[in-house]
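Read from first to last, the chains carry the letters A, B and C; within each, the first residue is number 1.
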């Protein structure tokens, strides 16, 4: 690629990159929070709610992210949901990620030995305190690798937002490549960039994983 | 208002388009199984170069979004003088991408075999070839079946992305349908239903296999 | 001396589907007395113990702590969660698998209940926790996480966690069964001290020596039934029931060499 092109499109690409990171971070945080709520509601909620949530999980996990985005962004106005591309994309990421996170939390809960919960009940601890002080911290340790792993998967899903015209990195690169006719180079650089990004994030994630596990389990 | 007739009418053409979804994901997984086996073998081989190559292969394909891979191949092929239909390019890309995940599934399955089994086989005098074909592979392949079904479900969903390079599968067909009917909600929901039906069937198959293995 | 509770168990039944785990159990435990529950595995002794603090919900009959029914307001009508928690506060429990919270240090395990359940201020709770840990001989291990403690030490932290709440009744569910033989003694010593202080204790155990020397009464259970209950000497040395004789015979065969 020529420097001139980079100079011309640099700021645009940077903005796109910023938006990619923002979508990823917010999407991860929102979908993780929603996933946690779903997992807790499935653990403590009434049976009909549990069925409803299970159906939600199956439907979202059984359909492509792209189709979910289309329903939300193009179908939304029919039910009065008129969103700009970025909020629609964020909402889409949140919905798409939540069932996976819910399942991760659910298996994290299952990994907490029942005796540790009973020990808390035996001293008369209220259920909401047990959740906060015993269930969540212990479950988090076993769920952490899967949480990190799925957050990394979400980085890659952000490129799909370009299809509903969210001006993130993928979108900007495609715009640049059509304007300069450098399709191959642009996509090659984009691929290498993502490779680097995902590798960096996973390396960082693994470090974070050992840190947190260490912190929660034992301080030497 | 949500129009139920439009919703129901969408199913016909979308079902017809589903053959491309099944074709891309089916051939994709077949190709992925073959390349994945080779990559897995390379990863486990004693040759340092092959191991590094396989590790890079897996890391690159898992690090780059499939959508980017699709465009990359789509634009790369003409440059290196290969002229194939978009469908072939799409299947090959999906298959190559799947190979990275499948090789890891197999590596995991092989790694999960208790060490004692190969030792027992060697102890009764089996050669390495027999150990692999008689002891390791049959078990690893069986053990990995549920994970492979899961991978196939992922591919069915991922195949929606080949709409971008113009393959008339479910997603692309639903886009066309939405454009002519101006009823995106109904059409895209119908598309979602078809994906869901396919994947629920596959998930049931996966549970059946898992159940049969457990017995 | 601690203020100790009495336990009254009347006609308790417990079913798991068609399987009857407890059959019409009657038992009286006077304040400050130590009762050991012995019997083969699957005899229902742990289930009975867990009914006393309602971790296990019995289906019929009554369990009364100091005369107050636990788990139910009246037959068939469950007690509110809040009221049950209030009753559990004065009942300590020690589990076979220790069940310490792995993400907290020894002292945090002990202060947790004091702060979250008793509503103590942190410094006060820590002083109390340190006292409890000193009592079980772990004053020097307060900052360790459970993974850095031996089984015997973990179980002693678990006992400290229970006694710091100032219970009037302590339940022990096979407290030494998960321990290596050489670590059993340290836990039993702590339990003996508690007994000497006048704590009401119900102990499910396979340690016949402990039952013989510390218990005021020993109850033998089999297949969900209370077969016999008496002073240790009469159950362990002159049992009349052939089922108890058989159990003790196989116990002695296993433990002699």
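Going forward, a residue touches a chain if its C-beta (ideal position, glycine included) is under 8 Å from a C-beta of that chain, and two chains touch if they have at least 3 such contacts.
From a predicted model like this one, the values you see are computed outputs, not experimental measurements.
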{"item": "Intersection of the contact lists for subunit B and subunit C", "value": "A"}
{"item": "Chain nearest the overall Cα centroid", "value": "A"}
{"item": "A-C or A-B - the one linked by more C-beta pairs in contact", "value": "A-B"}
{"item": "Where subunit B and subunit C are represented by their mean Cα positions, the distance between them in whole Å", "value": "55"}
{"item": "Centroid distance [mean C-alpha coordinates] between subunit B and subunit A, Å", "value": "22"}
{"item": "Mean-CA-position distance for subunit C and subunit A (Å)", "value": "45"}
{"item": "Contacts with two or more other chains, residues of subunit B listed in rising order", "value": "none"}
{"item": "Subunit A to subunit B touching residues, read off their complex", "value": "58-59, 61-68, 70-71, 74-76, 78-79, 156-157, 159-160, 162-163, 170, 174, 183-184, 187-188, 190-191, 194-199"}
{"item": "Interface residues, subunit A side, partner subunit C - complex", "value": "113, 115-116, 118-127, 129, 133-134, 137-138, 141, 216-219"}
{"item": "Subunit C - residues contacting subunit A, complex", "value": "53, 55, 81-82, 84-89, 91-93, 95, 97, 99-103, 105, 112-113, 116-117, 143, 145, 147-148, 158, 161-162, 165, 171"}
{"item": "In the complex, subunit B residues that touch subunit A", "value": "2, 59-60, 62-69, 71-72, 75-76, 79, 153, 156-161, 163-164, 170-171, 174-175, 178, 183-186, 188-189, 191-192, 195-196, 199-200, 203"}
